[in-house]
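Both of the next two complexes hold chain A, though its partner changes from chain B to chain C.
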Partner chain A sequence: MDKALEGASVVFEIFGIPITETIVSTWIVMVVIIIGAYLITRSFKRLPSGVQNIAEALVEGINDFTVQTMGEKNRWFASYAGTLLIFIFLANISGLFGLWPPTADTGTTIGLGIMTFFIIQYQGIKNKGIGLYLKNILLEPIPILFAPMNIISELATPISLAFRLFGNILAGVVVMGLIYSVVPIVVPIPLHIYFDLFAGLLQSFIFVMLTMVFVSMAIETE
Partner chain B sequence: MDIDIRTIVLQIINTLILFFVLKKILFKPVTKFLDERKNAIESKIDKTEEDLKAAADLKAEYEAKLTEARKESMTIMENATAQSEKKKSEIIAQAREEAERIRHKANEEIEVEKEQALIYLRDQLADLVTSAASIIIEKNLDSDSQEYLIDRFIEGMDGANEE
Partner chain C sequence: MEFTEFAVAAFAVLGAGIAMLAGLGPGIGQGYAAGKGVEAVGRQPEARGSIITTMILGQAVAETTGIYAFVIAFILIGLANGVLG
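Up next, the complex of A and B:
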């Protein structure tokens, strides 16, 4: 309970950089994902069997999802979207394995939000050209007058993404902490399914989906 | 719960590392693998369709050839029949001719025989008449009148015979 409100504690320091529980959990999740991906893709055969089916379905699903949301020309985005989806989902449900969910820390979610922000701005400039990009922000719909609002709206995107994910996962941790302090047995089980599995999957999808929509909006030149 | 810039930077680095590693070991190879398999299946389907088409073409060709061959055999048979028919009629005509020739020859021979027989008969008759006449008349005519009588008699017979 107190732990949930305190946030992630510092585990150790390297060169004066505090390594929090968030970072350690992230490393564990990364290692699990990378080893899993390596083991599955190491022995790919022409005729799929066992876990190969899962990996194929996952990658194909992510590719199709990306093409559906962003169009065929943005298929390149699938590997980033897929990385986000797998990482955020596993980070969200890592609480089930006794880890501190990395996504229950603003450090992680703001980091992800900042990355999305930079992808959006980069793709906007790259596809529209710097002139049209600046014109869209500074001169639309009314010159200069709306510029601050446009800038705020651009900055609000990563912030809303970051805090939506953070809030949902932290709330799950807090609520589960409260439940455990009241009824520590049986009752938490279905709530774990809801707060960790369901909300975890849903929030990872929402984050990835919104990232895709914002990026494809930035790419569209009209 | 304050926002820690160092954690943000570390998490961005972590995410980038995860992204590049997953891209390299998961997304790129699996997507490539799936595309390759898709292409392989597609090309196999295409090839199968091509083969089927080729087989159908071949079948049509063979059927056409078969029909042609059947037609040809029919023609050959007809020709043979016609030829044999012709040969048959030729043979029959030849046979008929031969028969005609043989009959003609036989007729000729008969004619000759008849002629000879007539000559012989005439001689015989002459003798017979002579002896008969000598018996009837009881008197020998002189040879001149005898000949005359006989000749007349025979001419009369010839005329009757030819009529």
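Up next, the complex of A and C:
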């Protein structure tokens, strides 16, 4: 419990820059993704077998998921969505392996939220044109009067995305910490399945799905 | 311990408890969405996949206020811990 309250602790320092557990777990997740991607894609054949089946099913699932949510013309978004999904999922379940989940730190989640924010704004400007984009923000529904509201609602999008992911994962860490301080054996096992695996998968899906919804809202031109 | 420190810590912890009352709202909202989702699946079992997706998306948005309350409660408990040293 105390551990969860203090947040990620500093492991060591490089040139005065503190390296927290969050950064170390993120590095481990990155290494797992890079080595996994290298090992799986190294020997692809025309007729899939073994692990290639799983990889193809994953890619196909992400493509279908993107097309289902955003429509056929936005299939290109699957590459970003898939990357985000795999990273957030692995980050969420890293608590299972005794690491501090990187997503239980506002640094990671706000970073992801800012990425989404820039994609939304870029796609909005690109697809609507700068004139219509500015008109939507400054002159809708009442000219100038509602501009601050529109700007705040644009800025609130990444913040609510970030805090939803952060709060859910941190809640899991806190509850698990409480349970470990009361009953350290046997009881935490089924709860790990819920708080780490189920909530981790669900939250990564929700983050990606909301990103897709916001981006496709920005792309749509009325 | 000085009285003011004690008071700050006590009220911070109390405030954290009050903040978590916000857990009521998302609970009611998510339950309502789940009930409507079950109704929809009962009426149209073939649309089960898209109903579940939409339901979970709505529930995730409904959950936001509860999560904000949790973050605030967490900050308050952190404040109490900081005051008590």
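The criterion applied here is as follows: the second predicted complex is superposed on the first by the 221 of 222 C-alpha atoms of A that agree within 3 Å, B and C clash if a C-alpha of one lies under 4 Å from a C-alpha of the other, contacts with A are read in each partner's own complex, and residues count from 1 in each chain.
We take it that a residue touches a chain if its C-beta (ideal position, glycine included) is under 8 Å from a C-beta of that chain, and two chains touch if they have at least 3 such contacts.
Because the structure is predicted, anything quoted here is derived from the model rather than measured.
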Sharing chain A, do chain B and chain C clash or fit in the superposition? fit
Chain B versus chain C as contact partner of A:Asp64, first or second or both or neither: neither
Touch check for A:Ala37: first (chain B), second (chain C), both, or neither? first
Regarding the shared-chain residue A:Ala171, is it in contact with chain B (first), chain C (second), both, or neither? second
Is A:Glu220 touching anything from chain B or chain C once the two structures are fitted on A? First, second, both or neither. neither
Let me test your reading of the model: by the given contact rule, A:Glu140 touches which partner, first (chain B), second (chain C), both or neither? neither
Contact-wise, after the overlay, does A:Phe163 reach chain B, chain C, both or neither (first, second, both, neither)? second
Which chain, chain B or chain C, is in touch with more residues of chain A? B
Overlaying both structures gives a minimum C-alpha distance between chain B and chain C, in Å, of 7
Once the two structures are superposed, pull the chain A residues common to the chain B and chain C interfaces. 5
For a test of understanding, state which residues of chain A touch chain B in their complex under the given definition. 5-7, 17-20, 22-23, 26-27, 30, 33-34, 37-38, 40-41, 44, 46, 55-56, 59-60, 62-63, 78-80, 82-84, 86-87, 102, 105-108, 110-112, 114-115
In their shared complex, at which residues does chain B touch chain A? 1, 3-4, 6-12, 14-19, 21-23, 25-31, 33-34, 37
Which residues of chain A touch chain C in their complex? 5, 68, 160, 163-164, 166-168, 170-171, 174, 202, 205-206, 209-210, 213
In their shared complex, chain A is touched by residues of chain C numbered 50, 53, 56-57, 60-61, 63-64, 67-68, 70-71, 74, 77-78, 81
